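Okay, here's the structure, questions in a sec.
Naming follows writing order (A, B, C and D), and every chain is counted from residue 1.
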Amino acid sequence: MSWNCKVYKFAMSSPDDMSQFENLLNEGEIKAEHVVCIIAKTEGNGRVNDFSRPLAHRAFRRVICDHAKKSVDEVEGSVAFVMSGGCEGIMSPHATVFVREPSDRVNNDGAKKLTFATANTRKLLPEEIGTLTQVDLVATGVKQAICDAEIESIDDVHYVQVKCPILTSERINEARSRGQEPVTVDTLRSLGYSNGASALGIAVGLREIDADIKASEICSNEKLYTDRGGASAGIELMNLQIFVMGNSKTSASHLVIGHHRLDDLIDADGVRQAIRSVGIDVEGSVKAKDQNRIINVFAKGQVPLDGLLRGRRTTLLTDSDLNTRPARAVLSSVIASIVGDPAIYVSAGWGYHQGPTGGGIAAVIAKA
Amino acid sequence: MSWNCKVYKFAMSSPDDMSQFENLLNEGEIKAEHVVCIIAKTEGNGRVNDFSRPLAHRAFRRVICDHAKKSVDEVEGSVAFVMSGGCEGIMSPHATVFVREPSDRVNNDGAKKLTFATANTRKLLPEEIGTLTQVDLVATGVKQAICDAEIESIDDVHYVQVKCPILTSERINEARSRGQEPVTVDTLRSLGYSNGASALGIAVGLREIDADIKASEICSNEKLYTDRGGASAGIELMNLQIFVMGNSKTSASHLVIGHHRLDDLIDADGVRQAIRSVGIDVEGSVKAKDQNRIINVFAKGQVPLDGLLRGRRTTLLTDSDLNTRPARAVLSSVIASIVGDPAIYVSAGWGYHQGPTGGGIAAVIAKA
Amino acid sequence: MSWNCKVYKFAMSSPDDMSQFENLLNEGEIKAEHVVCIIAKTEGNGRVNDFSRPLAHRAFRRVICDHAKKSVDEVEGSVAFVMSGGCEGIMSPHATVFVREPSDRVNNDGAKKLTFATANTRKLLPEEIGTLTQVDLVATGVKQAICDAEIESIDDVHYVQVKCPILTSERINEARSRGQEPVTVDTLRSLGYSNGASALGIAVGLREIDADIKASEICSNEKLYTDRGGASAGIELMNLQIFVMGNSKTSASHLVIGHHRLDDLIDADGVRQAIRSVGIDVEGSVKAKDQNRIINVFAKGQVPLDGLLRGRRTTLLTDSDLNTRPARAVLSSVIASIVGDPAIYVSAGWGYHQGPTGGGIAAVIAKA
Amino acid sequence: MSWNCKVYKFAMSSPDDMSQFENLLNEGEIKAEHVVCIIAKTEGNGRVNDFSRPLAHRAFRRVICDHAKKSVDEVEGSVAFVMSGGCEGIMSPHATVFVREPSDRVNNDGAKKLTFATANTRKLLPEEIGTLTQVDLVATGVKQAICDAEIESIDDVHYVQVKCPILTSERINEARSRGQEPVTVDTLRSLGYSNGASALGIAVGLREIDADIKASEICSNEKLYTDRGGASAGIELMNLQIFVMGNSKTSASHLVIGHHRLDDLIDADGVRQAIRSVGIDVEGSVKAKDQNRIINVFAKGQVPLDGLLRGRRTTLLTDSDLNTRPARAVLSSVIASIVGDPAIYVSAGWGYHQGPTGGGIAAVIAKA
């Protein structure tokens, strides 16, 4: 008996709309105990005070608890909940559920197919957020998940998603009460540091860069980056949750994953390369007949740190009302205009180490 | 002697950065008295309290006053200043200057080339904003400008830009003190009504729709729209300024204009059609060698009134922090990813009558 | 045996922080089955996409379900959850729990003491939100709750809190699919209509105004208002929840409630009058020794509809980024500066019928 | 002949509304060449992209140029323009004009009366913003202005206003192109650093603290602060403009100034102390008969750096949409509720060294 890796995407009418997830469970399409990861785009501001994330998190967890008849702690230990806030523009709130179930199917065409696995770390202390400790924990988790997913070659990893914690006033005060100083006292900026450290952890775990990083290089040395992963920081957890996706000959899945680097936030050609990497032809936008082969796109984008895009000034760093929120609208619009579906996963903002500076990553899961 | 219609685009480092405009004047490339219209994208919020617009307006006006040695009133009477706020996402703040100068050049290849002209109306009363009175005034202005631009066939008009006023608390109070009631007491919503009435005026002026519109159809009857124009409402004026662009055999310009309807905010194929309409080949994104043929793209987009895009729910109508501001990031990102330049003109928001509902318009000015 | 009405206020470190509520239950200070109402100020934007409200709602409900061993539906039927979003400025996120428990205590000093009761209505259809139907349902509920609370004279009612639904894109689309038109298509504006209809319902229920209101007077006739109640609209319910507070000789509570009208958003003297109405002396700010007598202040404020405060122009109606959110910061700061505690309940925004136009209401619960 | 120091306050219907200023000039009440400082509250976001400030600045400057028949450079050299953005809540946009004119009046009652003077420094380099260089330049300017204002004792200085520059993406890039690193790459955070350095400069200039500050103490050592001044940073200048106000026996003004420290953002008693310091009795709010004695209040407030106010958690540091903007609504509402006028000057935000941490300063100018 082998494993079948299945992926379901469904729309959500609010962060706690579980109707389509309940349908999948009630119809027997999936079993709650086989869910290993849920990656949702929820419609909060994607920042410190984004309560759409814990709301969706609680709702998904409760459904799994009830269906699998497990406690909250048991479910937290076996499922990675990646709730990513921010559906600016036309990005449509939705969730992607990753299911790994025992199967009689055999991968008999010899081609590598989709596989995935998760790894969870211990809780971080507030003063560890955004530090080398976080880098190390992520790197170790990545390696462990690659092993669990039975991915033979590191080149077959195409996307690593990390969920990581941020600082709040309370967490900063708590650290200081113990005489410890966090990397920043700006709660909003702590998102960037946490995401940056996670990304370096991915790059180390995938051997894209050397492991001997200096603390001062976190969110500073632009040359260090992964082009196969992204992080999404949030208030609702204090540990690190790692989810690795790749292709493997041992997988009996009907699906396959590929990726491509994005050179900037409007790199439409990079998006098309990612689509072609899973065997779908595309010149301008994906043809109508091929659109339903694409299950989802997972993309990470970073605001250019000098504020310039193709030599032109943008307002991404100087609009104090919106801050970098429109970056998610930018990248998701470019991708949606190509794949023809606004229900895609895009995380973007002030960031480092997730693709080249000012750029990012796009991974595509499609029917093989 | 004939007329030469020239168009210059330049970046602005702030709404009052006149350095590149001054350069053009000081180098003799253009003469201040030949400027007929300036369309700028400034980096305010594009809403009621957008002060980037009056700031840019005052700065441009002062430069022309000083160079042309004219009074403020004289310049206001001869130049249409269209300051459009909102550079969300990667849209880059810039200005496009339209110059109409006497020329010895002759249009000797017989092809139609770019021409344009402006028309200004009287000031509106606050209670006239968003009404049939505004529709009529715009329609009349459009016809007059077509005539002045020597555009023979109405089919040769490709873009009409209207600048129109909005309501403020003061204007509403003033109307009410005279016993008059404006169309809305929501200052923000008044932008939509003013833009909607202007758009219907364009459609009537271009004979796209019948002239016998009912007041109740303004911002309500989705079937009525122009696909060759857009409006940009702002606090800094009370009259209507109309700017008509098209092609004419009598023009000796090096440039040409075309347009295409956009079916929704991510209609990349519609954008490509607009580009092809001026003779530039494009499959995915415009090839590097052709990019500099495009002077600018002028686009108008409208938020889908049911909140849905391709059947998927968006947050464009329910995000009370951002409101519809990300719509500009959406459309500009799609266009920039195709033309390879983020310095493009995109106006978008809650809107009616400027393209099909939820869609819009893209016009392209390019070297012939 | 009589009833004892108790009120507890505690801080929340996040919308789902139940630690202090759990403490009260675990220490036996209160029993979950005696909780009749929870009024919380949560830290979302207080608008359409405020997910702090459903998050807090779910968390409180779960705790009561677990402690009282009741189902979600049973708890929803017996407890009014009023989650009010918006802690702008210095207003501190907190909850007030209202407990009604059987008691051997006797009200033997003859003075009227705090009592309260709730009433829930059926669910509204989207097209009923903001209409006379809502007014009637609230009025009936108010009368029923007065009766249940054993308040003899209508003059002894000092604050009525109503929680009511708002429109969303989905709800509007659903109504339209049945050929029905809601009062507005502006989801944000629907908050004002729903609050307005609820407030008129309170005024009718308390016989402050006649019952023969016209539909056109909702959010339009400024002369109609209650000065003893407020409404808080949110996305998380479709029915109306009414909570009436007053004083009664049959109550054995240690507490008492009073109220006063606020003439505008900075009416410090009105706030002081409300404080004096429960027997606490105050000239400038409440003296340190008296501060802990005040359990909480419940206030409702309305943005002046002409944008003017004491003849001066404000930006409350013209700031398109903040909209009316700062109104909550205004009124809560004035009250906090007087009572010396930022953990107070203030709801404010574009509103009608809750106090005089541009003004509001303050009710004070204090130790007798 | 002596000097008469006069102060005029007037409302502005927009940042470029000069009507009341023109009235004062046209009626001969003041002469343009006697204006030494204009302090305006304009209605932008008070942050990096606040264009209400340069708009007001340009408009005031133009009026003075035209009336005094001076060039832009001459006017910039002789008038301090302090345009402070942010009228959140009920703070009403307005300007205060400070006029110093030759006069036959004699200060014959021996009491100290209002006097003031300005000092301007050289332009800063981007990398000097927020550094000890800025501290020194401000301190020197303060001493020079005290001398020019003929203030005998340093104790008679009651308010020092400094206008200082911020960083932008362009300025950061420019510094880096020369191999220099600014104190922060966060343009928004640079407001705090610039204000902090200016405040320390005031404290040094007024000998409130020792001059041997370390660079690391800027925006870090909470014990160092002035309680008689505030800074307002903005994009529209690169030099430092210092305006010192105090009382002097040599002044023939009808006015007098006083101040008091604010211990936190709702310190109503501190505000009342400031009012009493100019001889006006107040218990709760200022009596109607005394309200018109107060010309204006100038206040500076700082967000508590641990997010707590009187032990309660606030959202001032964790609301990523509003950031610290509501802090201005908080302090202005408290002050307006006491003085009965929303047209007051309040600047507040993430700040250091302007009053005790989490607190601030209030100065009052009143008729003697």
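By definition in this document, a residue touches a chain if its C-beta (ideal position, glycine included) is under 8 Å from a C-beta of that chain, and two chains touch if they have at least 3 such contacts.
Fair warning: this is a prediction, and the values are worked out from it, not measured in the lab.
Of all chains, the one whose Cα centroid sits at the greatest distance from that of chain B is C. Chain pairs B-C and C-D differ in how many C-beta pairs are in contact, and the one with more is C-D.
Put simply, the C-alpha centre of chain C and that of chain D have 39 angstrom between them. One finds 46 Å separating the Cα centroids of chain B and chain C.
Residues of chain B in contact with two or more other chains: 13, 43, 45, 49, 170, 313, 315, 318-319, 321.
Those residues of chain D whose C-beta lies close enough to touch chain B in the complex are 13-16, 42-44, 49, 51-52, 54-55, 58-59, 170, 235, 321.
Chain contact summary for the complex, chain A toward chain B: residues 11, 13, 43, 45, 87-94, 265-269, 272, 282-285, 309-310, 312-316, 318-319, 321-322, 325-327, 329-331, 333-334, 336-338, 340-343. By the touch rule above, chain C contacts chain B in their complex via residues 45, 47-50, 168-170, 172-173, 185-189, 305-308, 313, 315, 317-321, 323.
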